[in-house]
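Chain IDs A, B, C and D follow the sequence of writing; residue 1 opens each chain.
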Amino acid sequence: MKKLINDPQHVVNEAIAGVAAAHADILSVSYDPNYIVRNDAPVSGKVALVSGGGSGHEPLHGGFVGFGMLDAAVPGPVFTSPTPDPILAATKAVDGGAGVLHIVKNYTGDVLNFETAAELAEADGISVRSVVINDDVAVKDSLYTAGRRGVAGTVLVEKIAGAAAQRGDDLEAVASIAEKVNAQMRSMGVALSPCIVPHAGEPSFELADDEIEIGIGIHGEPGRERIKLEPADSIVDRVLGHIVEDIPFASGDRVLLLVNGMGGTPLVELYIAFRRAAESLAEQGIEVTRTLVGNYVTSLEMQGFSITLLKLDDELTELWDAPVHTSALRWGR
Amino acid sequence: MKKLINDPQHVVNEAIAGVAAAHADILSVSYDPNYIVRNDAPVSGKVALVSGGGSGHEPLHGGFVGFGMLDAAVPGPVFTSPTPDPILAATKAVDGGAGVLHIVKNYTGDVLNFETAAELAEADGISVRSVVINDDVAVKDSLYTAGRRGVAGTVLVEKIAGAAAQRGDDLEAVASIAEKVNAQMRSMGVALSPCIVPHAGEPSFELADDEIEIGIGIHGEPGRERIKLEPADSIVDRVLGHIVEDIPFASGDRVLLLVNGMGGTPLVELYIAFRRAAESLAEQGIEVTRTLVGNYVTSLEMQGFSITLLKLDDELTELWDAPVHTSALRWGR
Amino acid sequence: MGLTSEWARAWVIESVRVIAENRMELTALDRPIGDGDHGENMNRGFTAVMPKLDDLSDGTPADVFKLVAMTLISTVGGAAGPLYGTAYLKAAGAVAGRDELDGEAIVALYTAARDGIVLRGKAEVGEKTMIDAWTPAVDAATEAHAAGKTELAILLAAAEAAENGAVATEPLIARKGRASYLGERAIGHRDPGAQSSALLLRAAADVADG
Amino acid sequence: MGLTSEWARAWVIESVRVIAENRMELTALDRPIGDGDHGENMNRGFTAVMPKLDDLSDGTPADVFKLVAMTLISTVGGAAGPLYGTAYLKAAGAVAGRDELDGEAIVALYTAARDGIVLRGKAEVGEKTMIDAWTPAVDAATEAHAAGKTELAILLAAAEAAENGAVATEPLIARKGRASYLGERAIGHRDPGAQSSALLLRAAADVADG
């Protein structure tokens, strides 16, 4: 394991100190409890958005703090949900009187810790709504599982709900936009190589030289199947097939296509995958009207990628296009 | 070698097809000869900027095509300079009558191929000026070498010269801004792991499990020294030391600090390095007034990073801050 | 003669020790069917309890459990933090105001802890979670108490049942937590949370024994 | 009796073959002191020459060399593309209009090729580049011609000198191209461009021989 770190125990604190130093124009960082907050928070009268979860998925969530997106991000230890204290502190720091939306990826730990924080915030008189993101079609959603996981689609929810809050929607409206985005999107990931959690010092799983994992989770959780390495186009076709069959995307639909890197895959390869995904959707009559390619929801140095498809309508498109000014997503200002 | 590709021979063509599909709002792509061009090219009366070089450094250069930056990018095969034909074709495609600036990284192949293209363009009546980027302090600049290599600072030249062209500076002025940026910046890189060129199929160099290469080039060229893995802070101190001693940065100077990822290093680690670099510069009385962190000039999936320091004045700061709209760098619109 | 706050403290101190001692093993159990951090998480939490316990000069058993609850909630994170936190919080509530815990109180303590975990995590027996250690422990304690056993015997019965329960998670398919994503591939692996629960319940008996 | 355009064609065809045959070796030479693509680059270029040569129904030797020049320039890239491209272009210029090349013409051809490389790349002998193959070859050809040798003997003398020159790059420190970044670490490695030059010059003699 070769990592550009000092002490594994200090990874998160040192990284957020770097975030603070690099993006002082956008955000500031609180330590103990740790959270990252928009410089102008609390924005009076605006619904505030708070997200968070284990670290190691950067730029998620801290890279999306700023105008038109998150008001605060709460980074837990690497791959471990934060405790309620920093979530509560961040919630209090950003509440501008119009309530706070918690955007939570569907993992038992994240759900429970955010739930406790929300209860404590409500007890302090802050209105909190929560939306649980579960876009990963690799995992069967059934009564017999903890449900689908929240993965790369989270960035789409944060952007679009953030734009709704920024234009002045109330808490109910922002929450229902977030729910709608979550309902209309599906994702699936693939790993070519594993990642290594700093304090663990060994890979989260093993893959042979000619194997890949289809349906990988963003913490290296196993996926649907392990197969032999294939050409990029076949891998994309597989993944896209699972996505399109899960939510009945139909010919004539307009979609946002996100090809997300897991952290260790070069951009040149992501574009090769994007090319095939766009081509295949065109063949199916599905129109790609908005796009995003790059490392947005990562898994440390894992090599691999995920595809997310979000069905768009005029409102979602308008909210996607609305100005955003964060360190990792920026346009319109 | 596990890569998300189809045929190694098709990597560049398929990747630029992906770029075309993902960023149709900004650019379009020509094939055979291959180049990427701003949608509104040629912009009449504006000096045009053309850059290029081997592929495998994405988002350089195609990710910087658009308003306020490059007019065209010419991608060669992976790690191999393009031939004069596509450079000439791109130069012709973007010339708006005010001449064309070629931004060339200092490698013999790049310099010679751009030189030939420039001669051919001049013969066709297009004014061409060239600036050769050589910011890498890892290589001694002397009569006895091919000179310093062009590395991550290239993105700063492309942004700042692009802004000068966008505000209407003439060819001489744009060229001299580019020369000035090149003269006032220094870079140095570190590799934790090698990269693999698709058609080669084996690593460009070998590093033991506890070794890193200080002063690595962006094609995996060897650097100054190979040392045992150290904590991130010591590595940053070494690299920054070489940079600061090469160009006499002095207390009171204002600088832009770029911490650039080589492709396979997670963002969380880049921020740890950024933190230390910012801290160390503050200790030396050097004020970091602009920042950039992320994967901008990469080396396929290589793990590692580079630091670039550019001395700023009011004009360079203003040009840095000017609006830019490309797929990899965007603000102000 | 019931168990005092001395016992409660000793239990916590022993818990800190056994969690530290078994940290790598718990993380190793979490690797194939989870995300490889359960030992790290638990150890972070119990390590943080120690200095706070030193500060708590005296108090009832409920005070000790409440302190553990608040510390775990604010330091463990993940799934285990809120689950164990709620367990200790509800346990504290069940014995509030008492200086000594008799057999009945011990049954109430364990029952409340288990119910707290169910309240938060909604798991049923057989879903391959810590509940598969706790519910057999509660049942065994209830039975031992009904049979008129001593406090020590009740704790020992619960500890043994929890250990058996943890082992019994091995053939199960998981339906809660991360392991549920694996379907049949979870079979053959012991649940890390059930294992840490068994360690904690054994510690309770060990310090009463001494 | 001088060398005709048949010889020029045969030389090019043999060049395509030896470059393809030695592609991996050239790339392997380029790995330790360059970027590991010289064989790939040269092979891409010469492979592209073949169909164009078929299209060139007849013409002088100069026409053949000019075709090679233009093809290499537009397909090889890297440092080798412009350097070899200029070499063939200047060589074509030196024998323009001639149908047959005598000893003097061959010396002029090689001299112009070498000078073209120097013009583009500014390398001197001893800087560990392809010039270290070409300059000895030019000198040997000049000497053989002065001694009244046949065309074939001139080509053979040049080929041998080029091969020795390529070997002689091994102990050198590089001062041009990528290898110059390595300082003393370039010592002990043969320059890939000098090696490909020796292969091409040997091909010239081989086809005249036959």
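A few notes on this one:
To be clear about the criterion, a contact is a pair of C-beta atoms (placed from the backbone, for glycine too) under 8 Å apart; a residue touches a chain by one contact, two chains touch by 3 or more.
Quick caveat, the model's predicted, so the values are computed rather than measured.
By the document's definition of touch, subunit A and subunit C have no common neighbour.
Distance from the centre of subunit B peaks at C, each centre being the average of the chain's Cα atoms. Separating the centre of subunit A from that of subunit B, both taken as means of CA atoms, is a distance of 29 Å. Put simply, the C-alpha centre of subunit B and that of subunit D have 33 angstrom between them.
Spacing of subunit B relative to subunit C, judged by their CA centroids, is 56 angstrom.
Rounded to whole angstrom, the centroid-to-centroid distance between subunit C and subunit D, based on C-alpha atoms, equals 79 Å.
Along subunit C, no residue makes contact with two or more other chains. Under the stated contact rule, the graph of chain-to-chain touches is a line, running from one end chain to the other without closing.
Under the contact rule stated at the top, the pairs of chains that touch are A-B, A-C, B-D.
Residues 2-7, 11-12, 14-19, 21-23, 55-56, 58-59, 63, 78, 192-193, 209-210, 212, 229, 231-233, 235, 259, 263-275, 278-279, 288, 291, 293, 295, 298, 300-301, 303-305, 325, 327, 330-333 of subunit B are the ones that touch subunit A when the two sit in their complex. Listing the residues of subunit B that touch subunit D in their complex gives 76-77, 79-85, 107-109, 112-113, 115-116, 139-140, 144-146, 149, 197, 199-200, 204, 217, 219-222.
Those residues of subunit C whose C-beta lies close enough to touch subunit A in the complex are 27, 31, 34-37, 40-41, 44, 73-83, 85, 120-121, 173, 175-178, 180-183, 185.
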